[in-house]
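Please read the structure below before turning to the comments.
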Amino acid sequence: MKILLINSNTSQVVTDKVAAGARAVASPGTEILAVCGEFGARVMGTRSEEAIGHHSTIALAAKHAPGCDAVVIAVSYDTGLRGTRELLDIPVVGMTEAALLTACMLGGKIGLVNFGARVRPLYEELVASYGLSSRVAGWRTVESTAAYKPGSDDELEALLVKQANDLVERDFAETVILTGAVMAGVAARIQSRVSVPVLDGIAAGVPQAELLARACWPKPTRGSYAAPGKREMVNVDAAVAKRYT
Amino acid sequence: MKILLINSNTSQVVTDKVAAGARAVASPGTEILAVCGEFGARVMGTRSEEAIGHHSTIALAAKHAPGCDAVVIAVSYDTGLRGTRELLDIPVVGMTEAALLTACMLGGKIGLVNFGARVRPLYEELVASYGLSSRVAGWRTVESTAAYKPGSDDELEALLVKQANDLVERDFAETVILTGAVMAGVAARIQSRVSVPVLDGIAAGVPQAELLARACWPKPTRGSYAAPGKREMVNVDAAVAKRYT
Amino acid sequence: MKILLINSNTSQVVTDKVAAGARAVASPGTEILAVCGEFGARVMGTRSEEAIGHHSTIALAAKHAPGCDAVVIAVSYDTGLRGTRELLDIPVVGMTEAALLTACMLGGKIGLVNFGARVRPLYEELVASYGLSSRVAGWRTVESTAAYKPGSDDELEALLVKQANDLVERDFAETVILTGAVMAGVAARIQSRVSVPVLDGIAAGVPQAELLARACWPKPTRGSYAAPGKREMVNVDAAVAKRYT
Amino acid sequence: MKILLINSNTSQVVTDKVAAGARAVASPGTEILAVCGEFGARVMGTRSEEAIGHHSTIALAAKHAPGCDAVVIAVSYDTGLRGTRELLDIPVVGMTEAALLTACMLGGKIGLVNFGARVRPLYEELVASYGLSSRVAGWRTVESTAAYKPGSDDELEALLVKQANDLVERDFAETVILTGAVMAGVAARIQSRVSVPVLDGIAAGVPQAELLARACWPKPTRGSYAAPGKREMVNVDAAVAKRYT
Amino acid sequence: MKILLINSNTSQVVTDKVAAGARAVASPGTEILAVCGEFGARVMGTRSEEAIGHHSTIALAAKHAPGCDAVVIAVSYDTGLRGTRELLDIPVVGMTEAALLTACMLGGKIGLVNFGARVRPLYEELVASYGLSSRVAGWRTVESTAAYKPGSDDELEALLVKQANDLVERDFAETVILTGAVMAGVAARIQSRVSVPVLDGIAAGVPQAELLARACWPKPTRGSYAAPGKREMVNVDAAVAKRYT
Amino acid sequence: MKILLINSNTSQVVTDKVAAGARAVASPGTEILAVCGEFGARVMGTRSEEAIGHHSTIALAAKHAPGCDAVVIAVSYDTGLRGTRELLDIPVVGMTEAALLTACMLGGKIGLVNFGARVRPLYEELVASYGLSSRVAGWRTVESTAAYKPGSDDELEALLVKQANDLVERDFAETVILTGAVMAGVAARIQSRVSVPVLDGIAAGVPQAELLARACWPKPTRGSYAAPGKREMVNVDAAVAKRYT
């Protein structure tokens, strides 16, 4: 099986991190193809950057999906998820969506940790868009860019452990999600120090993508996720345009 | 891997159907152990029967879980799910919960088909208990007991196809779930005649149980899903009592 | 009038407390029959114990309801409420449900105090299951087992007064509910030290049960609360089995 | 015990109907004092009339509450309920609020019948204001003024039976509420022809008012339902003004 | 254009403040007619006072609306808004409703500051009645009556700045609303010290009233906001009575 | 004042329609600058097209906003609204958001008419993203492409009148919104045949944009709508890149 990881940031370091995280959790025999955006923000951290990212995700999907069995959107706002899900004939999973839904199956309310006060509203809106706001126990917002450097960071991980356990103690969280593509692999590293399951979107998303790829649910032929069919497109990348012919 | 299917009904025909459905979707190498209730209703169809079923699920779980890697509650009210999830050290998945969460990952609103007006409120309450009411496009309630007979039933399946497509056309459902343990395998049989993905709880639940069993999230040590620990129990089955020692 | 109090714990001390609390608030001429569970947890404090408790409630109801005019579920998770309500021909009231609905009639948002972080999620889920989450002002969780001893406890009551008033001051609660069967009578004892009405489930539940018993609303003949009718039951207590004949 | 029924309409025929309905359900020994508005609409049927009715309820409460043990707002929009509850030292119950909360204790979702498309939104807003929208199974709106004539009306009652049963069959209602002060007594008359409990606000409200009057919950001394205390009032009825001194 | 500001308090100082605030934001050529209540509370601060205020708003609207192009309810509970909107043929805007809806268009969640713990629940209920609770980031309640004195108050304004910025920092508010008619003009004065837009109901309500007056949407002829038509009214002010003829 | 209308479709006929609609409702002295997308779908009608449209909106905004006082997103999915609102220093209004919020101020629940079953879910998700789902009375979906031709269409308008009045009669809508950029001007043309106010997003959005442009609320300096500041951007249009310098 071949899973396409779409990181519509234009930052190879992030792509490398998600690819490593994905390979660590993928089933034996699953190949990971991690691609990086060709235009837009280095690391999306604002609403306008994320708006551009929607297009980037579509462009990467159109170009790289052929030959793949499923897609994971490897940006933690799940940027472009719904459009890509419609466009392709293979399953498309959002990393944060997958973390949330998997956490639901572990039981109870979910604590969320995010990086940066500025984007906290984007995550709250994302959770609400999945209809899952009532499953949230609480939020913690961490101001740190350490995660964007290569390698791990002990100080950051200690902080995340503290925040995760605080979500358990004070907000009654029964699972914790670390949002952010760069958290791939971090959840596993801090797990032993946290009293409830800790998820990241890659550790949840890759197995969910595999699951959907193995299952036999077909592409819908009606509704908003049916293939778009022949549509007139102007000035878009050839790979994108081809999808509408 | 070994998956325990707990059918807390006392009806072997239903157990056989879910076991067959489970084996049809399980990964190569996954063993299915399907067990049937030792007390309570033949097929739970009322609130009081379901109340007894909670205990039956716990008793079956305590007795049969040793040696298994994950559990699927194979009663479509997910009877005893939360209690079993707490009691055991292995992942426990509800068949209807799994269908709902998997449907979320396919995108859009969900149409649900249930059997019997009498239990429709139980399903609505179940969906609400997962915080997923806002993901529901609509409901259809079918009055038929044909599904409880061995084998398939063309007339029933034609009716289900009609109801599923009606959910798509009139209620804008983008996936359809057939609730009921006896629907195991039916979704796959009618899929080609329905314009959106059709899920049943076994086809969704067994792969989700496999996924969680393969993943490395630990049993929580805090919160309402931590192991109950040593507790004083009166007049319960030895296997159950042993869990609290 | 005769009210059946079902304490599906197997702990006589708790049964005695709820019986005393019930007698203190019952109308003149109302007889209280308080029964204790015959199997299961001493005091339910975990999800799996509560799952077993569902059955216990049904068993106690089937055995003791004949000759009674109404039932109060005297376990504060309202364990087995819906099943018992269906099974019997007399009104069945949950102690926490009754406290919540009565508090609604006193006006404004409700503060809740519960015992034990571990079961806090169970109470939140219970309130949500009644559709009343939006009426909650806030929660306070107390870690103390003092209430399970016979008699009253000054220190505990001082703590409850503090928590109740804190719910008023900081969370704008306009009534406070003390959850837990062992709180029967405590609300009345601390009332004078709290600035808003303090309810417990027995003080609210017994009068509501009397009210419904006096009223003339019939048992429904349709829907999920109609009598279950003749159903095939396996290996259940004779009194339970008789209900389905 | 003495219960004050406040009908802030200025229509004696409605007052007579609610008084008769109240006496039919009151406990032996309960005296019913039913009062009629001194200004405003004959029968409130618009938003502006209801706005005036708020004042009328307050004026009637201030004048007639002395000597009473509890109040029932006998207008089915529960007009002035919250203000009266604050103003008086005795329990104040809204007839529709009481019907809704009592129906909750009978179990399941509630069907509602109202008179007149024009005021249907007012009832929907009222139910929402109690946080109970999720408990509603469905609505039926009847266009008829027959209920405002003295006596009963066979044709109207046959229509109500039909609508109530339709709410059960098609919308899965497990109780039905007939809104409107003039429905007092009608629920009881049609009950035998409807398959689930049928409530009206007077049949539910008078017993709930008795219950609260017998109970010992005190007037809050904090929050929005505490007595208003000394306040400067301009050009209001002497009885009203006296309440703020 | 002529805008009627209805302050159904009986306090000229408040009326003067809202009039000044309104004139400061009105378009050139817009005339502001600010009227004060003729009966009821000096400054509504309790539920019963607000109940009387509903009538006061209707009375002021009936008397002063002729010749005006739109109305702003200049009481921050939007007292009598829905009734007045129905009664008149011109647009009627609630000051708090307008602030909330305008804040929505500025984007993100809204922080609210109110005066007095006692009335905090009234504001929460008001926001809920508009269906906007999910747009609220948080609340701050200030205990101060300084705003009711003529002129500005540096100490109060410093406190408001602090609370507003705290809503931004800790609750992720992206706009802040100062509730209370006497806040007219204060938002503008503190704006430069707060990091997000600060709104008051007059600064939002007057422009929204102008907008609706300029637009061409007609009075509905169906539904709950259609004119009440000929209705029988008892003992009401002549101007009010005339509206129902 | 100069208002920028961003139609991120690449279809001049739609741009012309919205420009005409905007000019018909703009205040005297307001200049309308209507721009058309340079890449992407002719008329967005699928999720993936809309994903591309987010970028198109940002690109148009970056290029054309200089010299303008406010922006109206003239695509009825409000495509790119939140990103544009963050990016620019001037107010940005979504046409559907503006219609919804303006309808709220006219009172009561809102009926919505949309074109095409395929995109109906997009509109439902959009309304939910504003937190306004509870304000919706009902939906009608029309299958017609007549609106995309130049000029008006009597048959289509008759159909819209019928659907709008049906929303009033059967779903108790008190206002009706015609979604779709091509509905600009249609609401006004059919208004006299519908019993409640009929809004379109341009007729609501242009005046709201004018209102915000006239008002003095500043650009936030904190939170998710603050200017993005200096950010590293790759391979984007020069006008876009300049915004992040």
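So that you can tell them apart, the chains are marked A, B, C, D, E and F in the order they are listed, and the count of residues begins at 1 in each.
Please note the rule applied: a contact is a pair of C-beta atoms (placed from the backbone, for glycine too) under 8 Å apart; a residue touches a chain by one contact, two chains touch by 3 or more.
From a predicted model like this one, the values you see are computed outputs, not experimental measurements.
Novice: Both subunit B and subunit C are touched by which chains?
Specialist: A, D
Novice: Counting shared numbers against all numbers at the contact of subunit B and subunit F, is it over half, same, or under half, different?
Specialist: Under half shared, hence different.
Novice: If you average the CA coordinates per chain, which chain's centre is most distant from that of subunit E?
Specialist: B
Novice: Could you tell me which of E-F, B-C or B-F has an interface matching D-F, in the sense that over half of the contact pairs are shared by residue number?
Specialist: So the equivalent interface, with over half the same contact pairs, is B-F.
Novice: Between C-E and E-F, which chain pair shares more contacting C-beta pairs?
Specialist: More contacting C-beta pairs are found at E-F.
Novice: Just how far, in Å, is the C-alpha centre of subunit E from the one of subunit A?
Specialist: 43
Novice: Determine the centre-to-centre distance between subunit B and subunit E, using the mean Cα coordinates as centres, and give it in whole Å.
Specialist: For subunit B versus subunit E, the centre distance works out to 52 Å.
Novice: Taking the mean of the C-alpha atoms as each chain's centre, how many Å separate subunit A from subunit B?
Specialist: Taking the mean C-alpha position of each chain, the two centres sit 27 Å apart.
Novice: Provide the list of subunit F residues touching at least two other chains, using ranges where the numbers run on.
Specialist: Those would be 82, 85-86, 108, 117, 120-121, 128, 134, 172, 174, 223-226.
Novice: Quick one: do these chains touch in a line, a ring, a star, all-to-all (complete), or other?
Specialist: Chain contacts: none of line, ring, star or complete; other.
Novice: If you go through all the chains, which pairs of them touch?
Specialist: Touching chain pairs, listed by label, come out as A-B, A-C, A-E, A-F, B-C, B-D, B-F, C-D, C-E, D-E, D-F, E-F.
Novice: Of all residues in subunit C, which touch subunit B in the complex?
Specialist: Touching subunit B from subunit C are residues 10, 37-42, 45-52, 54-58, 80, 82-87, 117-122, 125, 128-129, 223-226, 228, 231-236, 240, 243.
Novice: Per the contact definition, I'd like the list of subunit B residues that touch subunit F in the complex.
Specialist: Going by the criterion above, the answer is residues 108-109, 134, 169, 172, 174.
Novice: Using the touch definition from the top, list the residues of subunit D that touch subunit C in their complex.
Specialist: 25, 27, 82, 85-86, 91, 93, 97-98, 101-102, 104-108, 130-132, 134-135, 168-169, 172-175, 188, 191-192, 195-199, 203, 207-208, 210-212, 214-218, 220-226
Novice: Give every residue of subunit F touching subunit B within the complex, in rising order.
Specialist: Going through subunit F, the ones touching subunit B are 117, 120-121, 124, 128, 133.
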